[in-house]
Structures are given as C-alpha cells and as structure tokens.
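Order as written gives the chain letters A, B, C and D; numbering starts at 1 within each chain.
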C-alpha cells in the first residue's frame, strides 16, 4: 500500500523533526543543493559533482567547524563572539611556524599549541561568562579584541606559508570519493551524536533550557557551560587549522569574518538564541545553506552591485520562512 | 526595637552608602581615566588643555552615546533585544544627508524628515520580523543590516558624491557658545529627553515591563508586540538621526561610516549598567559608558602603542570594568 | 597625459603577425572573469566601470562576451569562493584583485592548470603561471614620501594608513619608512588606520589634530587624503601641516580652495590609476588571441609582473594645467580618480613581442 | 532550642538537625535562627507566615543556598553541602516551591535529570526511563489528564501537573529526607490525597519528611510534629496530637487570633441586574460554557485542577479567543487583548505569579502600577501621586517589605502574591477575575483577603473566583460553579452548596446536584 507507506514516511519525518528540529533547515538544504547543482552547465559530466563538492566543502569547513562550536554554546544558553579571533590566532601561529614538511614532530607540536590555545581561550571565555557571571555578548566581544590583538602582535602583516604537501592533502584528498573536508565534518557529527546520547547531551539541553532548575536538580551547570565555551574554542582552533590548510598563509584578520556566519548558520539551522534547543546537524545544514545561497547567486549572474542585497534578502527569506508558515497557519 | 532589627537597620544604611549605581561607577572610572591621561607625555598639561581635551572627548563620545540611545531602548525591551542594523542605518542617514542635501541649506529639514522616516521604516521591518516572524533580534537585525548595506551599494553603485549644508556644519561641528561645540548641546537635549522617556512616561514603564516578563506585561494590559515594534522603530529613527548628525560633524560620508560606532555603542550601554537580558537600565548609564569607551580609545591613541597592543589593552580593560560591576546574579544568590 | 612612459625594453621585432581580424580561429568570443573582494572605495568602483567600458569595446569586435564579475565585500575564503565561481562559470581568463598575497596561490594555480589565463592586479603574487599587473606600490608611495621629506626636512609627522596588513598598504608604508629613515629630523608621532575610507581618514586626522598641537606634516594615501585635508580645513591649525594626497578630482578641488586662502599652499598628488585593471584586460585579450607576451618586460619580486607606470603626478608646478583638464572642465565627477588606460596599440607595443 | 523529650518518635534515629541557621539577602534577614530536627519515619510540618523563612531554610538544607551562619547535622555528622548535587548524593531532596523543572525537556527527562538510567555503554537508557516514569505516574493515577505522559514537554503542562512532575522527581531518587515546600499549593483534593498516600508510604519506609504548607487541615491530616517559624526564628515546636489549629496560628503570628471567620453581609441579589452572561463559549480548552452572574455577586469556580477554570478566566479577560457570546453589563463583548478588558474595568489576578503576574527585577512600585500608569500620565507621569497611592495599597495589604523601590524578587512568595492582588485593587475594578489567588498565602493574610473581597462586592464589584481549595470556596462563596472537562457541570448555591456536593460534582456525578434554574436563562 503506497499510501500507507507514504504516510509512514511523513510520520517518521514528523517524529524525526520533532526530536531533532531540523525539518526546515533540511528542506532549505535540499532545495538549495538541488538548485546549485542543477544550475551548473556541465553537471552531468563525470567528476563535476565530485569537484564541486570538494571545492565547496574545503572552503566551508572552517566556518562549519565554528558553527558547530557556536551551536554548542548557543544550546547551553551562551554566545561566543570571539571564535573568529581564535581562528586568527591559530592561523597566525601555524603560518609562522609550520613552514616545512620535513619537521613532522615540530609541526605536530605547533598544531597542539594551536589547539591548546583554542582550549585556553575558550576556557577564559567560559570563566568570564559563567564563573564571573558576565554577559556573554559583551564579554566574548571584549575577549575577541584581546585575541585579535594577539594575532596582530604575532603577525603584523600577512605572510608565512604552510607547506604545499599539507595544503594539497587538504585540498585534494578523497576517500571513497568523499572529500576529506566532508569526512571531517561527518566524523565530528558522529562524535557529537555519541555525546548527545549520553549524560553530557542531556545536561547541555537542561542547562540551556533553565539553568537555575538544572542547578537545583543537581546538574553541574557551571562546568557544563564552561565546557561549551571550551568546545567552541577547540572547534575554532580546528577551524584555524583547516583555514590555514585552505589558504596556505597567515593573516591576523583571517577569522574576523567567520564569527557572524557561524551564528547565522546556526539560527537558520533551527538553533534558538535563548538556549536549550536546536541541533548540531541542523546548524551544519544552516551553514551549508548559507554557502549554497552565495554560490547560486553567483551562478544566476545578477548585477554585481545587487549581490550583497540579494544575498541578504535570500537569507532573510530563509529565516522568515518558518515564522511565515506559522503565521499563516494561525490565521487559518 | 530588638537587636536583630538594629543590626538590620544599620546594615541597610551601610548598604545604601556602598551601593553606587553603575552609571556613577562608570563616571568615576571616566574621571580617573581622564586624570591619568593628563600624566601621559602627549596628554594635556594646562587647565585650558585639559578643558579642550575634555570637550574633544565629549564630542567624540556624543556620537557613541546618541547611537547608543536607540540601542538602550532595544536592549531594555528584552527578548534578547539588540539592534545590529544601527550601523548601516547610521550610514544610510549620513549618506542620504550628504548626497541629497549637497550643500544646500534649504534641504536640511526635508532631508532630515526623509532620513528619520527611512530609519523608522527599517526599524519597523526589524520589529515586525522580531515579533511576528519570531526571528531572534540579533539575527534579524544582523541580516537586516546586510539588506540595508546591500540596498546602499545598489543605490550608490559605489559613488558617494555630496556635501554637507553649511548650517549643519555650524550647528554640529563648530563651537556654538563658550567654546562648546553645538553637538554637546544636542547631546544634552537628547539625554534629557531619553531620561524623561524612560522614567517619566508610560512608554518607559511599559518598556521595562516587557523587558522583564512579557506574559505578565500582556496580562496587565500592555500591547507587547506593539511596544516591541515601536521600540525598534524608535531605534531605527534614532540611528538614522545619529547619521544625520554624524555627517554634520565628519563633513564626509562613506559606505562604512556607521560601522565603527556600532559595537562601542553596545558596549557603552552595557558598561552603563543596562542589563543585556532586558528590563533594567538607564540612558545616563549609556552616556557614562560612552564617555568611558571614548576615553579608553583616546588614551590608547595618545599612548602611541602599536595597534595590536591597543586592541589587547582595550579588550582587557573592558573585561576588567565588567568584572568590577557588570556581574549578574549567580546561581547561589 | 595618460600614456605610459615607455618602459625601457629592447625593441624586438614581432615574428608572427597577430590575426586580430579572425576571431573564429582563436576561440573568440572569450569570457573574462573579474574577482574583487572589496567594493567600498572609489578606486574599486572606477576599476569596475573601466573594465566594463573596455570590455564593451572588445564585445563590439566580437572578441569577448559579457564580463563575469564577482564583486562584493568578502574575506579571503570568500575570494577563494569568487575564484571558484569564475572557474565554474568557464571563464577563459580572470582578473583578480587579491585581498591576500599568498592565500589565493593554490586556487589560482588550479585555475592556471585548467587552462585559464590568470592576472593578479595591483598586488604581486607568487602563484605559478599567474601574471601580475599594476603600479609598483613601493615606488608609488616613495614619490610623495620623498617630496614630503624633501620639503619638510624635519619635524613631527603623523601617518594615516590603509588596511594595516594589506600588502599594498604595507609596501607603501615600507617605502615611506625608508624615505623617512634618511631624514633623522623627521619624527613620526603616530600612525593610525583610516581603513581606506575618506570619512574615517577625516576622523583620524581630527583626532590627531586634537591630540597633537604640533603636527608639521602628514603622509596618507587614497581618499583618506581628502578626508585629512578637510579635517585640516575645519580645524585650521596654525601652522598648517604639510601633507600629501592622491590625484583625485575632489582633492584637486580642495587644493584649489587652499590656494585661494593661501597662495603659497603646496602639496603633491600622485595618481593611483584604477585603469591598470582595464589595461590588464587588454593584455588578457591579446594573450587569448594568441599573442605572446614579451618575457623581457616582466619584472618584480617574482619576475612575473607587468609594471605599469604612474600616469600622473600632480605637483605645484603642473597643478594649473591638470586642474583645467580634470576639474574646471567639469567632465569628471568629484569622486573621479585621475586615471590612465593604455590603448590597445600601446599595450601591444609595450608588452608584446 | 529545647531538645526532644520523651515521646514515641524520639525512639527513631535523628535524621537532620539544623542549629541556628542564619541567612541574609542584602538588607533582608531571611533567617535568624532556623532550628529544626527531623527523625526517620516522621513527618515534620514547618509552618509560618509568608516570609518567615521556610523556603530559605529548605534551600539551605538542600545545598541550593549557603547559610551565613549555623550548623547542619545529618545523621549526627556535621555536613556542608556546597551545591544541590552533593546534597542529593547524601540523600536529601526537595520539592521546591518555585519548581525546578526545565520547561523545554520532557516529563521523563525532567524526572530523571542528573539521575538518568544508563546502558552498559554509558548511553542514556530512554526505554528504561520511559517505563520507570510511567510507573511513577501511577502514583497519581486518574488525577491528571492524558496530556501528562512521559514524553510530554513540561512547558505545555498546567501548574498542577508540573507540580506532580516535581514531586515525582524528588521521590524517584529514593532520598532519605524529602522536603515538600508547599507542594500541595497547586494540587486539587484528589491529587493531595495521592500525595498523602505517597507520603505515608515514605513514612513507612522510614524516610524523614518535612512538610511545608499554609493549609492547616493538611497539616493536621499528615504531620506528626510541627515547628513554627516567625520572622526567621524558630519560635516553637509541638506534637500535632497535642495541639490545635488555633494554637499553631497563635504561635505563627505571635498574638491572639487575628482572623475570625465573619459572615459579613453580602449584596442582596434580588435587587440587582446581571453583570455577566456567558453563552456557549468555546475554544481550545472550553467546551460550551454557559452561565450568568449578577452585579455584586461573589461566585466561586471549583472542580478538579485543570478542568478549564483558568482558561475560562483568561478567555473572559481577552487573553484567549473564543466563539459564542459574552454579555458584560448587557453589552456584547469580544476582547482581543487584556487591554480591551481593562477598558471595561475588568481585572484579572492570574494564578502563576512568577510567569503571569510579576516583573521580578522591577520595584514593588512599578509592579503595583503597571496596569494603572495611564491614570498618572499628564502627560509625564506624576510619580509622587503614584507613590502615595502605592504606599496606601501596600499598607492595606499588610505588605512586608523594605521599601517600595526594592525589587519584587526580594519578597517572600506570599508577599509577592499580595503585590499581584494589589495592583488590580488599585483600579477599583467593576468585575474581578481571580485565578487561585491565595495559593501560598498564609492564614492571616488570607483572612484579610477574604474580608477585602467581601467589601469589594459590597461596593459593587462583581467577582468570579477560582480556587483549588474546596474549603476556601465553601467558606467564602455563596455560589460555586463546578467545572469539568471544559464545561460547567454544576451550579451550587444555598442548600446545595455542601462539601459532599462539591466533591461529587468535581468527580462528574451530576445526579446529586441541581443546576441553578434562576440563572439558566438570564
């Protein structure tokens, strides 16, 4: 009975959506991805889809990693405006010190240093917002100055060069036809799934939903919140690594423009600003949708002076869609 | 009166003595910073120099504070309210003024009206999105700022030719009386109006109410959505008006003019003791915050530190100031 | 006035006569892409307008199609996307105005490997197969810095920079620093970024004037020079600091205004011509048509740069003449940058075998 | 305070002893000497007027707050819990007055929060959680609606069901000591019965129990011993079997009985016209409600919790849309917003003061005047007059406070509730809707409040009064409408208004009750 089967699928989707709240982002993702590929002139040539997928994901991975971290912080009821600056610092350190592929151990130590910095910066954000009770919007903005200043101090003018061996690996490696950047993304989503189904995940949503109640019930609220900032810092440092592999060079302002998209992506992906709801998968979808929108606008060749406007309008539309649907439904 | 009540009372008076409001602390910090700046080699050395320096800082701070006025309202209105579109609205206000007035005095009033209307219209869109489409203000106004910026780019196609009207220059940029720039007087008027609006009008009381608890406000007869929308409209109009004033000062407008004022204005609001989660705050606080912020930047400039160090110190000082009095109640109190 | 000075190059007779008239054989019409990650300046605006104008010329000849223009404010990752978009759009050549000196190397090399002709304008980059086109930024800044230092000899100087960390800005500031280092009497009081924005430049200068009562000179660039001069007019400090500018209509207007008040006023304005981009477009078309670039004219850091000379330097000596042509004539808008696009013949003669 | 003397209970092990606990909030001394003892297998009633420090003591015991001074002994060990987690590990749980639920999580997730059953691999065992939740819910079988199930999102539940979830959360952890802080305030009589069954079982299992309530009848039904707090001090202790209501109240207020149930004259209804006619009103929660009320009448609404009583009041106040007809003072109305209702001089005192009634961080003054500012706008607000009026109202309400400028969050639960009531009384409403307004209000205040309502009716105010406390309805209202499942099942007055009828009607036994003919078609 096809009808029944259809209904089952719809029901399953409803239940799935209720659980993970990614219905709208999923639809946006599907529509924008189909549109992107169908607008390509030579999409059916062998290799085109693979090439486009690779070029998209290797470019977007840094921001998507930041979006993940941002999402965790948002779910926990916070906000991290400093993740872009953490990327800058990581990028600068890598560009300055990873210059030759002949010193794998040295390079590994530098990567560890970058990750260490991400963790430390996240920890500082966490302490300031959670332990000292400062408002995240302001305090992470303030620390973003500190980190950005640090990046500028380390590398006043752009420079450094990551060895080609490394950048080529990042740019062109596939496993089973899947680009490495996409694999990294999937691996992180799976790792998160592992934690989401454990106490950590449950606590996180509780803390974001109502910290006081969670605290009274015995959830280690302070630590949970701090941990989200640490994770955000950690993911930002990974963002720095992938960004450095993408560009092969260092620039003290490299992460500056990544902070806002990390928030917009998460929100389009159904993460709520007030905490306690949303999912990492949805946020990733949201981030990809942002990228797709830019790509599609480029393909349809609008007047180049209108690009900024149209891009913003389409994002606005994507954000407004759920609200509109609700409004119409209520009118009925 | 038993023993406990005695201690209770004496305690209260001590409390009152110690409990200084955030705006006052901010002002104290400002005074200390200003005195410090006099010690710098490049700082002022005479009383006259000090006065000039103070006036100059006040003038620069005035723009942060005036742009922060609408921001104060939006933040108080709660619901994570914030207006990131203030930056491009300031730019739009400035560019419209600059390009349309083009040096002609008689166009000032019509253009001012147009500017305020456009700011209000953008604010209206923000408000509608926040209330009816339930988009969080941070993102709504962020995306709206993209829309406004985009419309600006499409409109100008990269050309920004114009000229400020002489009267505006006279009123805003030059000294009006006693060597005090006109801008300062405009600022004082705005400060009085804002304080009256917040403390002595029904709008103000209802604004604080929706900032704390929208359900309770609604059940007390407050039209919540209407209030929220009105607040974003006011914020938009005020940002546009700031742009109008700003171009009178800079005499020049570019596509990014407003950007550098956005975050300082938000920080000024926060330093002034307005609670980012809404329901609590004052415009006096924002004024004090703006002065502190401007003093810090001026101080860092005068100290001739490299850009990188300036940024680090700026960020650290902000954190320190917030730690001094920007803390929210912890879970155990 | 816009013609480039002949770059000293050996006159090598061209071996093969190019078949400009027979586009079919060369694969024309070609698609040419443009990548610009920063739109908020008059320079970039005029650059895009120039490119469209010159492309129309070739379009009429049936040599090119519409330009594919990627033109919006973005960061390095965004420009990588712009370039990927151009690749996906199947362009034959691309003109890139890079936002970073190194970060685009690999994606541009990928483009080169796909058979696309890649030009980096205004900014030398190392990527293999990429041809750099532009003024020599160091030399460009050196001209006005040297003038300032020579006229000042000693005193307190402030600087308003462009984007700190941007390669062009850094090269220019390096030139200024090198010049000043020969003048021990010149002391740099402060240096701030005006973000290549006229209004910001004005504010930075106002702040400087307020903070330092004893400024003798200032060095700046771009539209910020206009803002700086306006700040000086507004504050009317005594003595008037000696400064430099960039050759733009509005700057020349202010200069004239200053001269009215003070006939002895002097400054210098060096043109930073957006037209180098259009010149690069001409080079691209010729190369697509199969003409061979004269390798011997290539110079620069990476030996792959076509250097285009600064078309105009306005000094008190030639001010009246330039003013007449560009300002008094009313032909150009206030925001116009004094420009120079080489003609097709000039390009062929100067850079091709 | 005196140690325990000879009685049956002293044979049991001492579970918890607090010694001279002190706690200060800024200028407010919430506790000056909080001293109690609880034994295993004992129910200790902790009583005291609003703001006497009961909740504060409960929070200190459970590690939610730090004490400033004083000592806690737990099974003869001195302990200090630096957070709720450690208190819970030691076996101390509380049902908090201001619930501790995460609204965005489900019932099961809330009950098992920080106590989740795990699989061997360390994942949360949702299946086990679901089953165990269902088993817990059986403790309150048949007293709640189908909406309360393990996967229901807590924010969608009515207050009584939230309260049940909070209770089950505490019980599920099998603690050695449970504190019930006004856990019955939002429960109806059936639910209270279930809770008492649970408490009795816990008692048998040798748990120590602290029971905080303002309802004297409950205390005499369930408690073994009572400790009385007054102004932050433990002022007395007594065996329940050896005392009576009056004696306890005397200890609470520190003086002779201030409240006598007086039967003040009510309006003579035969002389007045109708105030309200409701005909076949329907919406999401109401299923064809019809009744009418006369001017100056004081009508109660009863029934089990969550049968549409709150929805009816919200609908009348314009907070929810409806179909059907409502005539207010002979005028057809269809309020779209509470503001419209206020325009007709209707007032509404909501049930959940924290979410519906108060601006927690704003001052008492602003809370009192939120609906009334229009009166003072000329056009700038006349704050002096506002202050004078607020002062008067606060005196009338006997508000215990620092000053009119201090934030509501500094008030105890009961005093905060007084502010909710006060802001509407300032308007002299002609029609007053009340949604369980005495929840958590102490006996003394309640008596004053009843008096106030009666005075209001005498001055012409019509009152529709919902209460979850049957006794309150019987004492106060000459006429009670009983709701079940979104409609009115009985209209009780005169000789029909008896406890038996009220309970029977609540349970849906229509036969025993007569409907009110007189009002049927007004």
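Observations on the model:
In the analysis below, a contact is a pair of C-beta atoms (placed from the backbone, for glycine too) under 8 Å apart; a residue touches a chain by one contact, two chains touch by 3 or more.
Please read these numbers as outputs of a predicted model, since none were measured by experiment.
The leading chain pair by number of C-beta pairs in contact is A-B. Averaged C-alpha coordinates give centres for chain B and chain D that are 43 Å from one another.
Centre-to-centre separation between chain C and chain D, using Cα means, comes to 75 Å. Per-chain CA centroids place chain A at a distance of 36 Å from chain C. Shared interface positions of chain D, i.e. residues touching 2 or more other chains, are given as 64, 83.
Touching two or more other chains at once are residues 48, 164 of chain C. Residue positions 153, 157-158, 275, 307 of chain B each touch two or more of the other chains. Pairs of chains meeting the touch criterion: A-B, A-C, A-D, B-C, B-D.
Looking at the complex, you find that chain B touches chain D at residues 4, 8, 11-12, 15, 196, 200-202, 205-206, 208-209, 212-213, 215-223, 275, 279-280, 332-333.
Listing the residues of chain A that touch chain C in their complex gives 40-41, 52, 55, 59, 62-63, 152, 156-161, 164, 167-168, 171, 243, 246-249, 251-254, 256-258, 291, 294-295, 298-299, 301, 304-305, 307-308, 311. Across the interface of their complex, chain B is touched by residues 79, 128, 132-135, 137-139, 141-153, 156, 211-212, 215, 221-222, 252, 260, 263-264, 267, 272-274, 303, 305-313, 315-316, 319-320, 322-324, 326-327 of chain A.
Interface residues of chain D facing chain B in the complex, by the touch rule stated above, are 25-27, 29, 32, 64-66, 83, 232, 317, 319, 337-339, 342, 348, 350, 355-362, 366, 369-371, 373-374, 377, 379-381, 383, 402, 423. Against chain B, the residues of chain C that register as touching in their complex are 39-42, 44-45, 48, 164, 189-190, 192-193, 195, 197-200, 202-203, 207, 210-212, 223, 226-227, 230, 234, 333-335.
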